[in-house]
Amino acid sequence: MALFDLPLPELRSYRSPTPEPPGFDAFWSGTLASARRAATPAKVTEVSTPLRGITSYDVTFSGYAGQPVKAWLNRPAGATGPLPVVVEFIGYGGGRGLPIDWLLWASAGYAHLVMDTRGQGGSWRGGDTPDPDESGAGPSSPGFLTRGVLAPETMYYRRLYTDAARAVEVAAELPGVDASRLVVAGKSQGGALSLAAAGLVPEKVSAVASGVPFLCDIRRSVTITDSDPFHEVVRFLRANPHQASRVLATLDHIDVVHFAKRITAPAIVSVALMDAVCPPSGVFAAYNAIPAAKQIEVFEWDGHEGGRGFFDTAALEFVDDRLS
Amino acid sequence: MALFDLPLPELRSYRSPTPEPPGFDAFWSGTLASARRAATPAKVTEVSTPLRGITSYDVTFSGYAGQPVKAWLNRPAGATGPLPVVVEFIGYGGGRGLPIDWLLWASAGYAHLVMDTRGQGGSWRGGDTPDPDESGAGPSSPGFLTRGVLAPETMYYRRLYTDAARAVEVAAELPGVDASRLVVAGKSQGGALSLAAAGLVPEKVSAVASGVPFLCDIRRSVTITDSDPFHEVVRFLRANPHQASRVLATLDHIDVVHFAKRITAPAIVSVALMDAVCPPSGVFAAYNAIPAAKQIEVFEWDGHEGGRGFFDTAALEFVDDRLS
Amino acid sequence: MALFDLPLPELRSYRSPTPEPPGFDAFWSGTLASARRAATPAKVTEVSTPLRGITSYDVTFSGYAGQPVKAWLNRPAGATGPLPVVVEFIGYGGGRGLPIDWLLWASAGYAHLVMDTRGQGGSWRGGDTPDPDESGAGPSSPGFLTRGVLAPETMYYRRLYTDAARAVEVAAELPGVDASRLVVAGKSQGGALSLAAAGLVPEKVSAVASGVPFLCDIRRSVTITDSDPFHEVVRFLRANPHQASRVLATLDHIDVVHFAKRITAPAIVSVALMDAVCPPSGVFAAYNAIPAAKQIEVFEWDGHEGGRGFFDTAALEFVDDRLS
Amino acid sequence: MALFDLPLPELRSYRSPTPEPPGFDAFWSGTLASARRAATPAKVTEVSTPLRGITSYDVTFSGYAGQPVKAWLNRPAGATGPLPVVVEFIGYGGGRGLPIDWLLWASAGYAHLVMDTRGQGGSWRGGDTPDPDESGAGPSSPGFLTRGVLAPETMYYRRLYTDAARAVEVAAELPGVDASRLVVAGKSQGGALSLAAAGLVPEKVSAVASGVPFLCDIRRSVTITDSDPFHEVVRFLRANPHQASRVLATLDHIDVVHFAKRITAPAIVSVALMDAVCPPSGVFAAYNAIPAAKQIEVFEWDGHEGGRGFFDTAALEFVDDRLS
Amino acid sequence: MALFDLPLPELRSYRSPTPEPPGFDAFWSGTLASARRAATPAKVTEVSTPLRGITSYDVTFSGYAGQPVKAWLNRPAGATGPLPVVVEFIGYGGGRGLPIDWLLWASAGYAHLVMDTRGQGGSWRGGDTPDPDESGAGPSSPGFLTRGVLAPETMYYRRLYTDAARAVEVAAELPGVDASRLVVAGKSQGGALSLAAAGLVPEKVSAVASGVPFLCDIRRSVTITDSDPFHEVVRFLRANPHQASRVLATLDHIDVVHFAKRITAPAIVSVALMDAVCPPSGVFAAYNAIPAAKQIEVFEWDGHEGGRGFFDTAALEFVDDRLS
Amino acid sequence: MALFDLPLPELRSYRSPTPEPPGFDAFWSGTLASARRAATPAKVTEVSTPLRGITSYDVTFSGYAGQPVKAWLNRPAGATGPLPVVVEFIGYGGGRGLPIDWLLWASAGYAHLVMDTRGQGGSWRGGDTPDPDESGAGPSSPGFLTRGVLAPETMYYRRLYTDAARAVEVAAELPGVDASRLVVAGKSQGGALSLAAAGLVPEKVSAVASGVPFLCDIRRSVTITDSDPFHEVVRFLRANPHQASRVLATLDHIDVVHFAKRITAPAIVSVALMDAVCPPSGVFAAYNAIPAAKQIEVFEWDGHEGGRGFFDTAALEFVDDRLS
């Protein structure tokens, strides 16, 4: 994909024109409160892997409405004393896979909690967490972005964002963890979840590392790219044009821009200028909304790869620096 | 798509090698019995349309587990006396749309019940029926084919097939309908549902018109085409290879071949020899399993169009002939 | 296709900069006069179909140069007294197919004349009308848009537009029809033909329903999309660059914008903002040129689907309202 | 395209199972006789080019039904005495273009007549010959393969094959040409025309050079590839399935296999084993049917490029050898 | 990609029909001997990374003709005593990237030497090793597979295979390594290199883990897939058909099948049945040629993903088991 | 490709903003001086072809660093006296192929030297010239544009541009040639080389004919198209983002814009407005920089075909005019 979005100087000051939906705070605080009320203590069980340097645990914690959510916890083998902890969220379509798929943060000396993504894990890396949905919530385009999208109460991402905030709360209480050094991280959908979680439970989060985040400035993003998953919304609205304002109003409730405003922890973000999956204007709209200390890594030539190891390195260094 | 499946002479005698899964009858009769127990009477409300020749009704009936399922009922305006009735099922991804989208059977003098497809209707024609799913049932590939696919009890198509059988039962009891002349019809997924319903409640069905049916001879079909929706299964098994035998065993429960064996009504089926969406060997596997009187329309040059108006004409004539 | 044309506010006031070619009126009035001189009475023969609610007729009428053009006429079965009549034109590549393919307007209480498209009907729905072409008229790109395109006199669309105007004249004289309530309708190429016919014989037309019309603002449209059929022109001009001004001057004679100016009947038009086949600036250029009462349905999310049943409903209501 | 047709050893003995249609000889001899009766003498006019080594002429001769067909004649500048002459036919979609596009045979010392292809020349190299078609002959898929395809009398290729045979007769009578050394040549559609002409007027032809010929073993070829132009037939039959036997019977009249049987001149043919446009089994079916001396150049790795300069060299050497 | 190669039961016994080229052993032993003669001691320099659990080193060793080749060495931080060592090779187009890209084997307790791929690293993960090529060695298709392919002496893969064998020899001499427990591993091109190295220096290798290896049964593979990199050969032979036998004879010298025969260490291999990049018949041809203890992981649903974490787990367990 | 670059009026005055890199003249004069010092006399050997009108010679001359470069020399057969001479360069990926592939300029009365492209000739027309590269010069993306791109000294195009300048010098000294009438010509990469050579050895060149030249305004071009070969740079920078400024600084040394400034001969250039391979803004940037007499042929509808025979004709006429 050639350069297709705004030029970089305009991106640097781009702000989303979409206002926060009314009742945003109440919607999310109510949702979180319900989840907490329904929560039971996390279960943490060691699992066997061929790794000698990392000890892995299967974790089950209470997410949205107290529903069970799976995660892996990887820790440097033999580490004693409280460790800083990273909560990582996963890109669209993938699940938590296997413990050996997640080695970076434990190798760097962190406790590393990888939250499974409810219902996902059927496309490219397996998952283990169901997405119970009593409401059913009407038609959807194949994928997750339009599940339940006719109302904020029923939409899929309400459940998933709540899981993410809960994962942070759970991580802070894991044994052997230093809750004062808690990081949220992820890329693409995982990048969106890390910013959302940092905005939902800002008091718990010490640093944010969000790579090419998805779900930013949604009203614009769905009109400037043909790539999935954003195009799922377009497909849905073609089939259901009479629902357009309702659907967009629902999606406003998960637009990362509104969570970014609430972040208090220092944040590092990456953006790729040729990224048609998560267009750069959206990423900048979210980044520019963050009131805390922040740093953006601009990958001028990347598509949705978004820097890969180069961003990982920058993120590790940024986080090390902020937590010490 | 050039010819890619077996040559026509071999297709004519092709039989699926996959045996019926153990407990098949008990599984389905139990599911249906539960649905019937939870059922409440259908609601039928006239709706306004710009059509003068057809009267339309919004229908809500009790499907799987008594859950509400929407439908349209179209009748020739001013018709008096009981009419033969067609229950139609919809292709993958589409919902019931608008009453004006469904004119063929009412124009031909039938009462026409078009069942909405739960959860679908977000891709190309809108829908109105949610798919409540308390179990959540684990990861899935975007789409519907792998929803809940880890067990027969939780899979999406258990719910949808049950809706279809229930739609037949409901149609038979609609006022102004001659239940002794009840037809099931549809194309692609709708063709699969019509064969499935005819096998689930054979005593209610007087004729079947199934165009290029989906979900036939699934174990073979998923290996000979790259087209969605069959490819959803492949994608799921790439992410979750350890689940392959479980997933295939689940899918055996919805393989149309096993329902075809139970059909007692005369059936007309279409097949397209260049159809990569519903490969012809699968269609013939189902067709060849039907023990009742039957007729197959072979479209040698078609892909998944599967004959369109030519098959519609043949189906109308076949049905007229069988019901008179 | 993401948004790729002008933003909606600019579209709303966009006007084509291309002037009407000199001699436009004389060219078309002469062509029509010749066609009328060569005309013989239409032949209308009832045909058998499986439909009980609609009576169908095979129609042959005199089109361009008196050449025979086929049509279907569908009427509500048993209707007595003069009916309002709709003349419908077909999208690119398709022919009239079967009578059962055309149920909407008869179901709504109209006589419905569906004009076959000369030479077309070999791509997705069959046709029955030849396109005699004594001149041969030089090379063309596969397709119909560049047939005979080196001169207005020889181009294919001269013949087809004339057929369309003649279809209106013929429809007005059909038995059992109320010529004071005559509608032209169609989508894509059919949308272009409905606007062209309404501009060619404005005194015969009482209402226009044109969905995502093709052939609007041609000089711009061929430069902003890669999609066929507009791209046929580009392909032709690559092979014959020395003919560019001649070809574009020929195409000016069929640019819908110039016909729109002559429309006197109220018109409803649809446009789809992500439509790369019939780009929205062209549709607005034609719409904005209509001097009569008018209404535009904007489908913000659609590609060339252009609203489908939603536009059908709006069109039926608009027409009902205007004719009553 | 990977190897997709029969293995080479099977290709070497592959024969088309399609019998010659009844009346084949009478059909073609009648058509040719009519063309000859309507013929007028060719017009040959020198044209100016920037070439000093080649003299070019614009030629107009009488083709099918005496209709005018254009050609270029290139001769080595200053050549005196009668020259051997090559009649070349052009690939699908292209026209004769410019004289400078045709340098090979004149550079090799031949008079070189390049026949324009009626109606073509709108896709990639311009043309100058119209295709008058009084009959119109019904619907067609965009392209030339299904024009008039409902009957042998009306099909486009009847006209084009006749042009080709006439071009040979005209070439033999050009001034400065040695009619006893006349070659027909071409690639793809041009390869088909060279074999067809060599079968239609075998007594005029001294050698044949046919590269990757199109239109061989048509009934099989249309089922084993998705590539155009063969796929035009599939598209047509999807729209008009009731016409399939009629269409295929028409195409039998232009199947190169039946012309190959009538060739008496030595022939060199090329085939490419990965050629999805002109599948190798068709080429071998034609080649294997040639009763005269023959040679085949097998390009194992080529798609429809079919050897290019390597085949040109082989053809020049083969022809030189046969004519000396 | 649907199933496209031989059925699994035939794959299980499939043997390549291509004989070993004459002089194979002399060619490779001579090449290796030259490389050893030109070798200088490896340079190993610690590099700084953000990882606390892994210590990383930049390694430069003498590869083909003594030319410098880069590698990363990752070791569990603080490990004392000799460690088993894994030499890993990289997939096509990628370079060694960053130390943090390679965490699996060190996390499992191994010293892990990741060899950079000369000249590669410009497509998806960066590299640092040049590919000096004094000969230049004629034309090539973009990519590496046809570089120097006109003779075994000049081809690119001669240099790369030699680097791989040298990497094994170098790894065995690294400080802190237990040379009696040396593993070669990799996927795709890396899988080919691991089998090649295990065949070139079998006495040094204790276990092999080769995922979906490339370059197996080359003569067949290039004819049954259109995917790069195998298709580079086809492209080259289209441009240079007169070189085909020479090119194929050159490629015989790097066909993994001939190296597999020489392996003495136990080997685990993966194959994916829908893998169009490294077709399964090639993988089985290599696997079936291994005379040592062996195990194959068949991924029935995978394309070139080839099992990913599932194969990693199997490989770790297999290796652990063999080395203990 | 629809119009995607600047509008034509803006193109007509577009100038590249990229300054000439420091040391540009010294870099190239030093490189050329070295090449000249290492040069040995060209070898010219007649080769046999089937052409009677053209005599062909195999030429080997000393290019970059004195390395041997192949060429074909075609001359009108029997021409006596010194001829004007054209040096032609070849498009990306192709080699010199066969002498019969190059007939235009000899047919027009010129001696015609066709320079082979080192290392290329493996994609679509064969080649015979190796590209010795002692440095190896680090990773590259498949293709030639990023070979050695980390420094001006090592990059592939340094060698190729030098070959081109040397080919001009060699052509001027060929026997039977009038060095005062020397033309450089080519299309795409060949167009770039003709402009580069005309800027490197301006005193030797009498006219330039450059069709749709590649490698113009590189910094912009790589950001506005996804087409190869420009996209090779993007791919490389994705893998090696830390090298971006170095890579772009290297590419500045071969940006045709800087050579265009040094051209003193009259030049004809073509540009195609829908050309995504060599975007029109780049071509205009180079054209607008030429200080000599010049003419541009604008093909408004072409993609990278760039006018073909129409431009050939214009170029022949332009050159004839300038040389007489």
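Letters A, B, C, D, E and F mark the chains in the order given here, with residues in each chain numbered from 1 onward.
As a working rule, a residue touches a chain if its C-beta (ideal position, glycine included) is under 8 Å from a C-beta of that chain, and two chains touch if they have at least 3 such contacts.
Quantities reported herein were computed from a predicted structural model and do not represent experimental measurements.
Any chain touching subunit A that also touches subunit D appears here: B, C, E, F. By number of C-beta pairs in contact, A-B leads when B-D and A-B are compared. In the contact between subunit D and subunit E, the residue numbers used by both copies make up under half of all numbers at that interface.
Per-chain Cα centroids separate subunit C from subunit E by 62 Å. Averaged Cα coordinates give subunit A a centre that lies 37 Å from the centre of subunit E.
Measuring from the averaged C-alpha position of subunit B to that of subunit E gives a distance of 50 Å. Counting only residues that touch two or more partner chains, subunit D has 124-125, 238, 242, 305, 310. Interchain contacts give a graph that is no line, ring or star and is not complete, per the touch definition above.
Which chains touch which is summed up as A-B, A-C, A-E, A-F, B-C, B-D, B-E, C-D, C-F, D-E, D-F, E-F. Those residues of subunit F that touch subunit C in the shared complex are 1-3, 274, 299-303, 305, 307, 310.
Listed in rising order, the residues of subunit F touching subunit D in the complex are 49-54, 76, 97-98, 100-101, 103-104, 106-109, 124-125, 305, 308-310, 312-313, 316-317, 320.
By the touch rule above, subunit B contacts subunit A in their complex via residues 67, 93-95, 118-144, 146, 235-236, 238-240, 242-243. If you check the complex, the residues on subunit C that touch subunit F are 223-226, 234, 237-238, 241-242, 244.
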